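A quick write-up on the structure given underneath.
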């Protein structure tokens, strides 16, 4: 079974309560938004962290993508708020 | 008699052969260009330095002015090429 | 050929040493931007979180883009992470070129990009105990938009 | 209240000391530009002539204009005159603000202005004995025009 590493940053990490986790890859056709929906259904910190998708950003294999992007062959998904560096 | 100090910079100074000089004020109604014409008529280095008025710039009492500006009550006229600082 | 120096880490840095390095490249024009943690509003400390695997690659990519857009002789990008207090430096961008406009514009381009597109997140801790993640600002996105 | 430091003279200067001064103002954003004598084409030395009574007053005026246009906490303008050789610094502009764009834009504004409107003239001396006054460049005037 192929795996997908999920990484969380900033308040997403604090909400979920961990830096990341590895799940069974849900398939190339699933979008980032659909996977976020599945994570939110776990309830608790997940439901809270993923309540407002408008406040979320994502990267697949370390490239920024929009939430309607399909997971494809990506092996690493990162979920986080809009960046605030500099 | 009121005096007018004239200052020369860069290749204007080198052409004229001095840093500056003091002349009798030629009157408030005379323009910078007209005075440059009078200076050029002195011949020699003056004629050479003031041959092309398009390459000359001027300041009256330390403010940049166009060559068609009247001398007015100014006490200091500076003549020089376009600036090349920085 | 452009010299590029990229560093992301907890250590402080010396802007003077970076400027000397850029001045020595012989270009005639060196521009820099230094970002410092601002105090005020009771801010006591700041923590910078980042996505290490992505940060380095993304900065290298944007530095390459700056090199393609402007004739640069040298580029330095330094971004700190971890815990910082008011008055400490967070970020440094320095550029060297033979052209004044190239040095100035590429420096502005790089810092605008770092503010809007590099995977860093700031959390501020205040004297009254509050700790809040900084919200992204629309004006930062606008600053980035102008680079197309 | 903006702190302003203006210096015109033969002495070299230390960009690091100027940056430290600007960083200490607490604004969070410090931008700088340093101009250095470029070598190449056989350039051996450069002489900077200026109009002393006018230079200081004009720089003070343009610094005041920058302070009126942008919310600045500090401004430093240093311009050298006299004899300079390749690798030596000629000019430094540094700005500090609470706003990144204000620091960057005012720095670009000031150096564009110094290049086009301050009464300095450069004479270059080459290895083959030639000595020529530098001609003003149209692109410098264009750079200034954009500030209106």
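For this structure, a couple of remarks:
In this document, chain identifiers A, B, C and D correspond to the written order of the chains, with residue numbering beginning at 1 in each.
Heads up, the rule we're going with is that a residue touches a chain if its C-beta (ideal position, glycine included) is under 8 Å from a C-beta of that chain, and two chains touch if they have at least 3 such contacts.
Chains and their UniProt names: A, B = Molybdopterin synthase sulfur carrier subunit; C, D = Molybdopterin synthase catalytic subunit.
Computed from a predicted structure; not experimentally measured.
Think of each touching pair as a link: the shortest run of links from chain B to chain C has 2 of them. Following the contact convention of this document, no chain is adjacent to both chain A and chain C. In terms of their C-alpha centroids, the spacing between chain A and chain B amounts to 72 Å. Taking each chain's centre as the average of its CA atoms, chain A and chain D sit 49 Å apart.
Centre to centre, using the average C-alpha position, chain B and chain D are separated by 26 Å. Chain C and chain D have CA centres that are 23 Å apart. Residues of chain A found to touch two or more other chains are 86. Touching two or more other chains at once are residues 35, 100, 111, 115 of chain D.
Pairs of chains in mutual contact: A-C, B-D, C-D. Chain C makes touch with chain D in their complex at residues 15-16, 19, 23-24, 26-40, 86-87, 89, 98, 100-101, 103-104, 107-108, 111-112, 115, 143. Residues 35, 48-51, 53-54, 57-58, 79, 90-91, 111, 114-123, 133-136 of chain C are the ones that touch chain A when the two sit in their complex.
In the complex of the two chains, the chain A residues touching chain C come out as 7, 9-11, 13, 59, 62, 64, 76, 78, 80-86.
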